[in-house]
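One chain, chain A, links the two complexes that follow: it is found with chain B in the first and with chain C in the second.
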Partner chain A sequence: MAERPEDLNLPNAVITRIIKEALPDGVNVSKEARRAISQAASVFVLYATSCANNFAMKAKRKTLNAGDVLAAMEEMEFERFLEPLREALEVYKKGQKGKKEVSEQKRKEKEKKANSENDKSREDEGEEEDEPMEEEAENEAEAEEEVEN
Partner chain B sequence: EEETNYDQASGNKKTISLPISRVRLIMKSSPDVSSINQDALFLTTKATELFVQHLALSSFNNGSGKDTNTLSYSDLANTAQETETFHFLTDILPKKILARDYLNSLEQMQEEEEADY
Partner chain C sequence: MAATVTSLVTATEHDPDRCGSEEETRGAEAEDIDQPQQQTAPAAAVSHSRLSKLPLARIKALMKTDPDVALASQESVFIIAKATELFVEMIAKDALVYAQQGKRKTLQRKDLDNAIEAIDEFAFLEGKLCKDCGGKKM
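Then we have the complex of A and B:
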């Protein structure tokens, strides 16, 4: 999929909403200012990514992780973000866990249903053992799927 | 993409508004980045939101907008120049000068040149 220039921008409506929520009630924001903040936000993402990537490379990892991003914030002198970021991550992880459990549950119920309908006997024992390993890969796949939304 | 601030599955308030997929696109355009784990993606998105809030509020407080009750481009440009943590933005938020001031200084330069002859 080719990247179009506008794809590297963030949606104006959301940016505007975030700005309005941060400012005192009734403050106007010029169109130019809104556009500039949106561009600044994109630059921020690039700068943060580059910084976080340095930490990952130093640790000889190919995948950027949460610690890298937090380290980048500190490096960029945005320590004020660290606490709210950690809290938000907690909430997010709990939510993700809940979602996974729900979809696991649904999947199991589907299988049960298929089993009884087909009247086949399955090796439940074997399946149970495989699950912990599968979960890792499934997690990644699911995660990618969610992100793609 | 979901427009609501509520997670449709759990009914809880979402912790972020910006679309993760878009942020991921921007991150992937950075050279040398191979892959990004889910938590890192979330954190970057959240950090960007915090950044937008911080930039907007700092610029407003710092600028002349308090009289006009408006946040203008020049507030942003000034803040980028004056605040160290926002220095990385000076290239994309350059200060602007009025066209007539620029023309005046051009004229002045020409006059000075001619005076030398």
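Then we have the complex of A and C:
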């Protein structure tokens, strides 16, 4: 299903919440300003993606990775984002690793019950990270469900 | 969509070993981890929103509209989501300066326009925001 950039907006409630939390109490935001910020955020995603993709292509990679995005932030003069982004990435990676280890444990237990002699060692993480972009957005949920299995 | 993504995160959080490392990095919001594992969306949403408030599926769908982009790792989608959050905070605060100059407590569209014009980092936005976005409900 082809979706044009104009059709995709980030959820208004979330954008509003981010704005409210960034500003001091007592400050209001007009509807037009909120709409404009939401639009700006979408443009930001597209611009950052394009910039990051350039780095990936330069490195002859077909998959955008976190490093490409960080390089894009520098290129776009958003160096101030680098430190908080790196920290958030660490937390995210730990969470992902935890998810995989839990799902691996579940898988092991299942197989133990089935075979009762299975001695597979844990696989390394990293396989699930690349996701084909041409598939539907729902596939992200499916891919993560695979991890859970 | 968000519910699907967030419900998976709770699977990790009832494991005490995992909680230990997460508590160090999560700071004030660590008490959420001590809650018993719940499959309800609100509890899951809280734990996931600590990492990213914006739904990764929507961010990824946006990225997909770029024809040059083939594949993107989950991490890259997450980082872009997080960066977008930081960007929204930044532009809101910078626009506020102009509202305050005008002795107003309400951020208006023109404050955004002023910030975009004045601040180098926002140059990429020039001409990109529609003047009067009629039909878009907020």
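Here, the second predicted complex is superposed on the first by the 110 of 149 C-alpha atoms of A that agree within 3 Å, B and C clash if a C-alpha of one lies under 4 Å from a C-alpha of the other, contacts with A are read in each partner's own complex, and residues count from 1 in each chain.
One rule holds in what follows: contacts are C-beta pairs under 8 Å (C-beta built on N, C-alpha and C of every residue); 3 or more make two chains touch, one makes a residue touch a chain.
Model, not experiment: these values are computed from the prediction.
In the three-chain model built by superposing on chain A, chain B clashes with chain C. Contact with both chain B and chain C is seen for A:41 once the two complexes are overlaid on the shared chain. In the superposition on chain A, contact is made by A:12 with chain C only, not with chain B. With both structures placed on the common chain, the touch criterion links A:53 to chain B and to chain C.
With both structures placed on the common chain, the touch criterion links A:85 to chain B and to chain C. Looking at the superposed arrangement, the partner reaching more residues of chain A, out of chain B and chain C, is C. Of the residues of chain A, those at positions 3, 8, 10-11, 14-15, 17-19, 21-23, 26-30, 32-33, 36-37, 39-50, 52-53, 57, 62-66, 68-70, 73, 76-78, 80-81, 84-85, 88-89, 91-93, 95-96, 98-99, 102, 147-148 touch chain B in one of the two structures and chain C in the other.
Residues 1-2, 7, 9-10, 12, 15-27, 29-30, 32-44, 46-57, 59-60, 65, 69-73, 75-77, 84-85, 88-89, 92-93 of chain B are the ones that touch chain A when the two sit in their complex. Of all the residues in chain A, the ones that touch chain B in their complex are 3, 7-8, 10-11, 14-15, 17-19, 21-24, 26-30, 32-33, 36-37, 39-50, 52-53, 57, 62-66, 68-70, 73, 76-78, 80-81, 84-85, 88-89, 91-93, 95-96, 98-99, 102, 143, 146-149. Chain contact summary for the complex, chain C toward chain A: residues 1, 4-5, 8-9, 11-12, 15, 18, 21-22, 25-26, 51-66, 68-80, 82-93, 95-96, 99, 105-109, 111-112, 116, 120-122, 124-125, 128-130, 133, 136-138. Interface of chain A with chain C (complex): residues 3-5, 8-12, 14-19, 21-23, 26-50, 52-53, 57, 62-66, 68-70, 73, 76-78, 80-81, 84-85, 87-96, 98-99, 102-103, 128-134, 137-138, 140-141, 144-145, 147-148.
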